[in-house]
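First chain written, first letter: the chains are A, B, C and D, and each begins at residue 1.
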Amino acid sequence: MLTSSAAGVYVICPTPFEGDGRVDVASTDRMVEAYLKAGATGLTILGIMGEAPKLAADEALAFARQVIKTVAGRVPVVVGVSAAGFAAMSGLSSKVMDAGAAGVMIAPPSTLKTDGQIVSYYADAVEAIGADVPWVIQDYPLTTNVVMTPKVIMRIIEQSPSCVMLKHEDWPGLDKITALRRASDAGQTRRVSILCGNGGMFLPFEMERGADGAMTGYAYPEMLVDVVNLINQGKRTEAHDLFDRHLPLVRYETQPGVGLAVRKYVLKRRGIIATDTLRKPGPKLSPETIAEIEWLMERIERA
Amino acid sequence: MLTSSAAGVYVICPTPFEGDGRVDVASTDRMVEAYLKAGATGLTILGIMGEAPKLAADEALAFARQVIKTVAGRVPVVVGVSAAGFAAMSGLSSKVMDAGAAGVMIAPPSTLKTDGQIVSYYADAVEAIGADVPWVIQDYPLTTNVVMTPKVIMRIIEQSPSCVMLKHEDWPGLDKITALRRASDAGQTRRVSILCGNGGMFLPFEMERGADGAMTGYAYPEMLVDVVNLINQGKRTEAHDLFDRHLPLVRYETQPGVGLAVRKYVLKRRGIIATDTLRKPGPKLSPETIAEIEWLMERIERA
Amino acid sequence: MLTSSAAGVYVICPTPFEGDGRVDVASTDRMVEAYLKAGATGLTILGIMGEAPKLAADEALAFARQVIKTVAGRVPVVVGVSAAGFAAMSGLSSKVMDAGAAGVMIAPPSTLKTDGQIVSYYADAVEAIGADVPWVIQDYPLTTNVVMTPKVIMRIIEQSPSCVMLKHEDWPGLDKITALRRASDAGQTRRVSILCGNGGMFLPFEMERGADGAMTGYAYPEMLVDVVNLINQGKRTEAHDLFDRHLPLVRYETQPGVGLAVRKYVLKRRGIIATDTLRKPGPKLSPETIAEIEWLMERIERA
Amino acid sequence: MLTSSAAGVYVICPTPFEGDGRVDVASTDRMVEAYLKAGATGLTILGIMGEAPKLAADEALAFARQVIKTVAGRVPVVVGVSAAGFAAMSGLSSKVMDAGAAGVMIAPPSTLKTDGQIVSYYADAVEAIGADVPWVIQDYPLTTNVVMTPKVIMRIIEQSPSCVMLKHEDWPGLDKITALRRASDAGQTRRVSILCGNGGMFLPFEMERGADGAMTGYAYPEMLVDVVNLINQGKRTEAHDLFDRHLPLVRYETQPGVGLAVRKYVLKRRGIIATDTLRKPGPKLSPETIAEIEWLMERIERA
């Protein structure tokens, strides 16, 4: 079960599709093995970058079961259960927890406006999934349009003992990590794990501000693992040097919309998944974009 | 099957719940009979005011089957199939059409920004549900935040022969009806049915601008039926007089968020559904609000 | 100077233009006299419905001076000073206060997201205009997209003794009035004046919930005055009867965007302003719309 | 006068303030000289990153005159004239053109939704500033929330011969450049200058896609100049190598909100402006943030 001491790199998994759009089971298994080999300390599936809303309820469940079965307990698996309503959230959550998931992740709906609405929404969500299910707050305003202050996050943590992690991807967000860590150090709030998303764009600084690792899906996850380890070992310059070599591609992959297509393309080129198919609606890579990705990969792999 | 000559009043049905939140089958049947008795020429279920996103996939399907079974072919049943992804939309659509629905309704996701994105989204949606399924464009910018010009609506109609109806609830929207009717009269676009939503706030004028009726859920649907008939009979003053007597409650019911709770309260008070329960997240009526509804009902029923 | 005991009807004034778009001084004077004759207890200028953002800084100031001069102290004049930046807000505020305004009104910019940002924005705004200038919070989420809870409003009132009024136009908003009045009755917050906007759509109920009057611009402001007086005299049925007779036009005038054009048309027809010109960008009334307004006016004036 | 053959680097100038918030004239002059020395081929003032909305109308004009006087014709000066209304836009535009500006820049207001509304807005804007004033479309959806397709941009270019440049800062935006260049190469649209903003995050690729240069404000503008030159000389690897060395700071400076404070801090540290003061509302740099900026500067300057 997921705990507030989770650390390292939880790789955000895309959902691999075959050319015709069906979920690709063989690629799924290969991807899981590749991520574990890269040093992942956990896997996160059915997130925004997992095209979760594009899967039917039964497809999502089948995919989760497949990943959990392949992982076979080697690392925790976190499952995104964000949904337009609590009935769907509750149903998916209970089924994946029964199947062996370590916890679930919940992003707020874009209709939430005030501090109180956000806090209240998470109270209802915890009631829906059950107070015994460990869960992760996803704080990603660029996509959700919901802004959570440190104080709001602390209120959610206080009201829900089963909240064990913050997936931090606010932008800018470095001072938010500092504020949360300062508050937990001072005993003003319970300490939860903070893993950082946002494509990893600020990972070395995020670690230095007090994050416990990354939860993102960059197509060379071994870099994320190495950076986290180097920072933890106090090797600051090496960490930044390594990260900065990858930053041109990280930046390219962080483009909204097209970014997932870029990520799937690189994973395909690395032999990890069979196709870079996205379900509709989704962008197609232009020849110019593909040439730019190739250029960036070549520069990284040469270094 | 739903056609572009649909007219009259398609009542938007709420989903009745028992006090504990389960779907209330007995109330569902009673509601269907009440709406048919009130003169509904069609029913629409699982729309925004049907709390569709709060139902699990199997609950939504079961509710649709129940309504269709109870209606037993007396009028067409339109089912809202708007979903975050096409897999869910396609699944629900094919199942309800198999069960006997007359057509489906699709609202655009709030992520659509440009004219082209909207047109393209509907092309993908039609591919998902199949070109043989009659369907309705839901044009409700207050909730979806997607603004469709008459030109965009005409492009959608042209690209999809199975599009048979516009559920019109733009605000302001009267000149949009005129523009669409002028274009179809001039042979510039295919004529589809236009039924008006938006709580019915402008129904007499909408009829006079060329709409074919209403698709909304005001808690006294017999008024909507009578207004549509009076306008069709050329009895303008009588139509407005009748409508204006109800306008104070129509306005009250059109309040965002709390409006559905108001509507369910009135339906409960009229003996049509057993409880006014909403699923979370949803507002609760304050004692002051209840007193105001009672005041408005009394004034209507006295008149 | 505006105080927290302000009550009655503060009419929101449009800015009258000549056909070529210049500010129409003669119509301005005529409008002021008409509103005072209708029983206005105050006037509010340069609000959203005053097309304030379409005026250059010097035009806005000249218009404010003209109105204040014509009013000549008979009632307080409130001036909207909402601006993209505090320098412009501060400049306009100090100039109109020097010219004899009774206070200013400030709407929040649409960039504010969290409770804290809203509170903080108003602290900065008060610093900009000076703590000695009486001012009004404009709470109009339909236009500003900023949602203020009763608690946030109370924090703003507490931090700023010069805040004397809430222009209430949340939707739904009746329970917000009740919450604020309950809090001030219980001594939990300072009592400020609450005048209601939102086109007057809920005025009788708003009064019954504890509002002190209206601040809106319906084209028959004498109705607003009479409704406020009737409610204050305990004549509930008469108040609602009168209001409901006007509701069809109130509703028509409350349509976003086109509503101001409707209002100016009626004011022109009533001989109050010379033209119904709006500055660009602004809607033009279609012949069908004009016919509908005429129909609504006729029904009101016949009654 | 600005023409459609503009190229190179137009540096986006911040507005330097003294510690108390007054415009700092000495720093303004020093900044202008520093940018020209760095190789700027133009300057752009009073943009979003110039805190334009925070300046009063007379301050904005005085600042523009100061910059234009100091530049003294050595390069073109483009002035942002985006405003909430056309009266203010027209006033500022005519005054800065009289003072010697080469052209103006106009961003769309966030209220625009449809393709047609955008095209129409720019028609009205051109009417307001006069058809003889060369102007720049600012396409920055992250901030404006207005999405312009290539087709919409081409319609604007076609309807307005005085439109000479696109400030391109869509994200993702590379394929948009390709689409526009392909259209002008094929004679389907007039060729305008494309200068890229967005902090410069994709500059080398943007140049390769057909952009003519950059219009952004990175605190080491000499890097932007060198990258543009290297790409123009066909030195692709050198261009990317140089750019990638700066990318860690470029990324840091591109954080919304805090980014301008970062930029001003670096400019202060480089001796270009006297203080890093922002007008309210604006972020303050935390000690941790300052330490990170210093780290990034050190790594760049060491390289």
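One rule holds in what follows: a contact is a pair of C-beta atoms (placed from the backbone, for glycine too) under 8 Å apart; a residue touches a chain by one contact, two chains touch by 3 or more.
For each chain, UniProt lists the protein as follows: A, B, C, D = 4-hydroxy-tetrahydrodipicolinate synthase.
From a predicted model like this one, the values you see are computed outputs, not experimental measurements.
Asks: Over half of the contact pairs shared by residue number: find the pair among A-C, B-D or B-C that meets that against A-D.
Replies: It is B-C that repeats the A-D interface.
Asks: Roughly how many whole angstrom separate the Cα centroids of chain A and chain C?
Replies: That gives a centre separation of 47 Å.
Asks: What whole-Å value do you get for the distance between chain B and chain C if each is reduced to the mean of its CA atoms?
Replies: Measuring from centre to centre gives 34 Å for this pair.
Asks: Between chain A and chain B, what is the gap in Å from one C-alpha centre to the other?
Replies: About 38 Å, centre to centre.
Asks: Which of line, ring, star, complete or other matches the graph of chains that touch?
Replies: Drawn as a graph, the chains make a fully connected set, so complete.
Asks: Which chain D residues qualify as touching chain C in the complex?
Replies: 51, 53-57, 59, 84-88, 90-91, 110, 120-121, 124, 127, 279-281
Asks: Can you list the chain D residues touching chain A in their complex?
Replies: It comes out as residues 171-172, 174-175, 178, 201-202, 205, 209, 240, 244, 247-248, 251-252, 255-259, 286, 288-289, 292, 295, 299.
Asks: Can you list the chain D residues touching chain B in their complex?
Replies: 113-116, 141, 147-149, 151-152
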